[in-house]
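Input: one structure, supplied below.
Naming follows writing order (A, B and C), and every chain is counted from residue 1.
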Amino acid sequence: MTVATALTTSNPGLSLQLVDLSARHPAARSGAAAALRGVSLRVNAGEQVAIIGPSGAGKTTLLQVLACALPPTEGSYTLDDQHPWQLPRRALQTLRGQLFLAPQVPPLPPRQRVVTSVLAGRLPAMGLWASLRSLFYPGDIPAAFQALERFDLAEKLFERVDRLSGGERQRVGLARGLLAPARLWLIDEPLSALDPTRSRQAIATLVEEAQARQLTLVATLHQVDVALSHFPRVVGMRDGQVAFDLPAAQVSREHLTRLYDQYEHELRGEVLVVSDAPSAAPQPVAMHCR
Amino acid sequence: MNTSTLTPFPFGSPPLRDPAWVGRVAWLSVLVVLLWPLTVATEFKPWVLLEADNLRVSAQFISSFWPLAHSSEFLLMVARDTWRTVAMATVGVTLALVIAIPLTLLNTRVLSVSALSGRMARVPFLVRQAVRWLLIVLRSIPELVWALVFVRVVGLGPTAGVLAIALTYGGMLGKVYGEILESSGTQPTETLLRNGSGRLQAFFYGLLPTSAAELTSYTVYRWECAIRSSVVLGFVGAGGLGQQLDNSMKMFNGGEVASMLLVFVALVALADRVSAGLRKALG
Amino acid sequence: MNAPKAANQPYRLPPSLFDARCQACWLSAGLLLLVVASFWSLDLQWAQFFSLDAARSMGRFLSEFFPPDLSPVFLKKVLIGAWETLAMSVLGTLLAAVAGLALALPASHAPTRHAAVARPGWARTPTRLVLNALRSIPELVWAALLLISAGLGPFAGTLALALHTTGVLGRLFAESLENAPPGPADALRVQGVPAGRVFWYATLPQVLPQLMSYMLYRWENNIRAAAVLGVVGAGGLGQLLAFHMGLFQMNKTATILGVMLLMVAVVDAVSHVVRRVLTR
């Protein structure tokens, strides 16, 4: 028995398909190359896929396209045979409710409590009244506790988010995913602020949960060894294109050397760690007449 | 930390209750208990607004807003009073500068020669404290109260309003000028003073260049505030748009009230623009 | 952003009189003109102000301030007035905070990194207009207007404070909402969470300390405003002040002024402490 049955009723994952898809970032300059260029990829329901590649390869953009946050400029994207960008707005929102995207920087408001932040994963399935009540008194403490327990954070349940370390915050962000009513998990660099031991634990938990719930999981990873050892399938990306798409066992040293050509330091695992403290917003200067 | 995450049944016992619960309920009850006397003290009875009598009067007044008063005679009067309002603010701020600048120079610690060698001498220290208190008194008394006083001394008219603005704003400018000067770099000034230049020289060559833009910007902002103030001062008889507004309200002349309110909103918006533009131009 | 640069820079003429450097001279000339015109057009009665007569009446005024009337009966009256003023300022600020927040939502563009989940912002301009109108009419003018519907007394004053402060806080709140980091809200929006819940779970917890600090700031403002609102009949200390000053009872006026200043100082201190606690 696993946590999956305790947390949610298991619903099978979404399948997704990209055909010849290109996308560019809205903030990007018009002259710059598109972040994704002609990507074709098929992920079956209940499959776990790791995406590796040097920085700037378009991994994050790919996840944003998969999360229906960024419309493709060319090509098609289908989720369970639905074209998300052709759906009416309401249907698209419902579809988004079945996705969970964990960005690289954990999206937690600093002064919120961990329990609230984790339970926020359930918002797509909660009514307005229930969600407001849960702000005042957390709706399902045991569920939040169990989700945190999976990431060794149970004792931080009622702590404030800004009192956690960067790594702890990142794991809270992942625990939120366990509560989301999602059929597709999109996890962006879940380990950027974690030490090696914690990294392995966290990724093992994610993959285990995804398998138990038969969810589809797509994760981008900097740590190539973690990707190879925990994921059945690994996709290598470079310059906005798919370089290889293989079962983990078939990824060879050569594949990796070519993928990380001129980025060898990243292959060795030296990556920029996301800054620890959340940056405070600049205070607007307010003048008063008195 | 336990390492049981990967064992098949890893749960500790989840806490039953949110520990913050009691605190939240307590704060909420305190809030409600405090809110009650507040509503009593302010006679907060929103339904009064909906009583038939009041509703009729309000509806009558509001419906008389349209058509706006627009006879040429009235418009001329509004234009004249708008100018008087602006002029009152301008003169008030000018006089406030006359009050604030000397007081600031006396008050600024950086300009103290005796403080260079550690502690300030006794007499300058006392002078500074006196100036500080004077500034506090000047700005703590609302301009409306000053105006009430001066209306009784010099009679109705803009003189009272100008004086009221001058005193209150003199106190405010003096305080903020002091803060701006103290917060700018003191090194150049101290060097000048140590090398034997006079206080005024040190001020002009050391302090002013670094903080001139900020000082001007704040002054312009206060001028914008003074325009709002001078309208309010009209209500106690200092002339200008406020006084006309007060008269029209007392006569229940909605059309005139509405026109003047519009003019006033436009005036404030204009002053806001001009002030923002000026501050931007001054950097 | 980076426009392609010309191979060689075009030859620049020296700035003309209307240009760059002399903008400042023109501004100062304009200001000087404004000041001179203002002095000239107002018939200021300096003669009267600096006359012996005025000096004497001023002196009499000041001397009559002392001793302040500290009789228990009057002091009690003043304290009740002070409590009324305090209540007006607190309730007015609270009402304004609620209304300001409600208006700040449509008045702000929710910041987002994903254009696809952005909320349409058609309400922004009209709401900002309303906020500006509320803000540009001072409390005292609102009070004078509201006396007609709400009658004499602190209720009109409270509403007047609330209306003006709604305009001020609404604008400040809208600005902080727009400056909030978009990450947490985006994460929920991408999950298909409706805008209202995104606000409660992601945006509000981020900006709440700043909103509170603005609110306290306005409270410090409003206690000063509330103290004088009574001059037009809207209750509180101001009403007492106008009444006793009208009767030239200067010793009573002195008491009222003293209590007023004391109250303002206490409120400032309390607000300062609360702000320190909140931003901890």
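Note that contacts are C-beta pairs under 8 Å (C-beta built on N, C-alpha and C of every residue); 3 or more make two chains touch, one makes a residue touch a chain.
These figures come from a predicted structure and were not determined experimentally.
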Overall pattern in which the protein chains touch one another (line/ring/star/complete/other): complete
Dominant chain pairing [most C-beta pairs in contact]: B-C
Mean-CA-position distance for chain C and chain A (Å): 44
Distance between the centres, which are taken as Cα means, of chain B and chain A, whole angstrom: 49
Distance from chain C to chain B - Cα centre to Cα centre, in angstrom: 7
Residue list for chain B, restricted to those that touch at least two other chains: 228
Residue numbers of chain A (touch at least two other chains): 289
Chain C, residues touching no fewer than two other chains: 224
Contacting residues of chain B [partner chain C, same complex]: 35, 37-39, 41-45, 48-49, 54, 57-58, 61, 83-84, 86-88, 90-91, 94, 140-142, 144-145, 148-149, 152-155, 157-159, 162-163, 228, 231-232, 235-236, 242, 245-246, 249, 252, 257, 261, 264-265, 268-269, 272, 278, 281-282
Residue ranges of chain B touching chain A (in the complex, touch as defined): 1-2, 5-6, 8-12, 14-21, 24, 221, 225, 228-229
In the complex, chain A residues that touch chain C: 26-27, 29, 64, 67-71, 92-103, 105, 107-112, 116, 120-121, 123-124, 126, 128, 131-132, 135, 180, 182, 278-279, 281-284, 286, 288-290
Chain B-facing residues of chain A, complex: 1-2, 113, 115, 136-138, 141-142, 145-146, 149-152, 154, 157-158, 201, 204-205, 287, 289
Residues of chain C that touch chain B when the two form their complex: 23-24, 27, 34-35, 37-39, 41-46, 48-49, 54, 57-58, 61, 83-84, 86-88, 90-91, 94, 132-133, 136-138, 140-141, 144-145, 148-151, 153-155, 157-158, 224, 227-228, 231-232, 235, 238, 241-242, 245, 248, 257, 261, 264-265
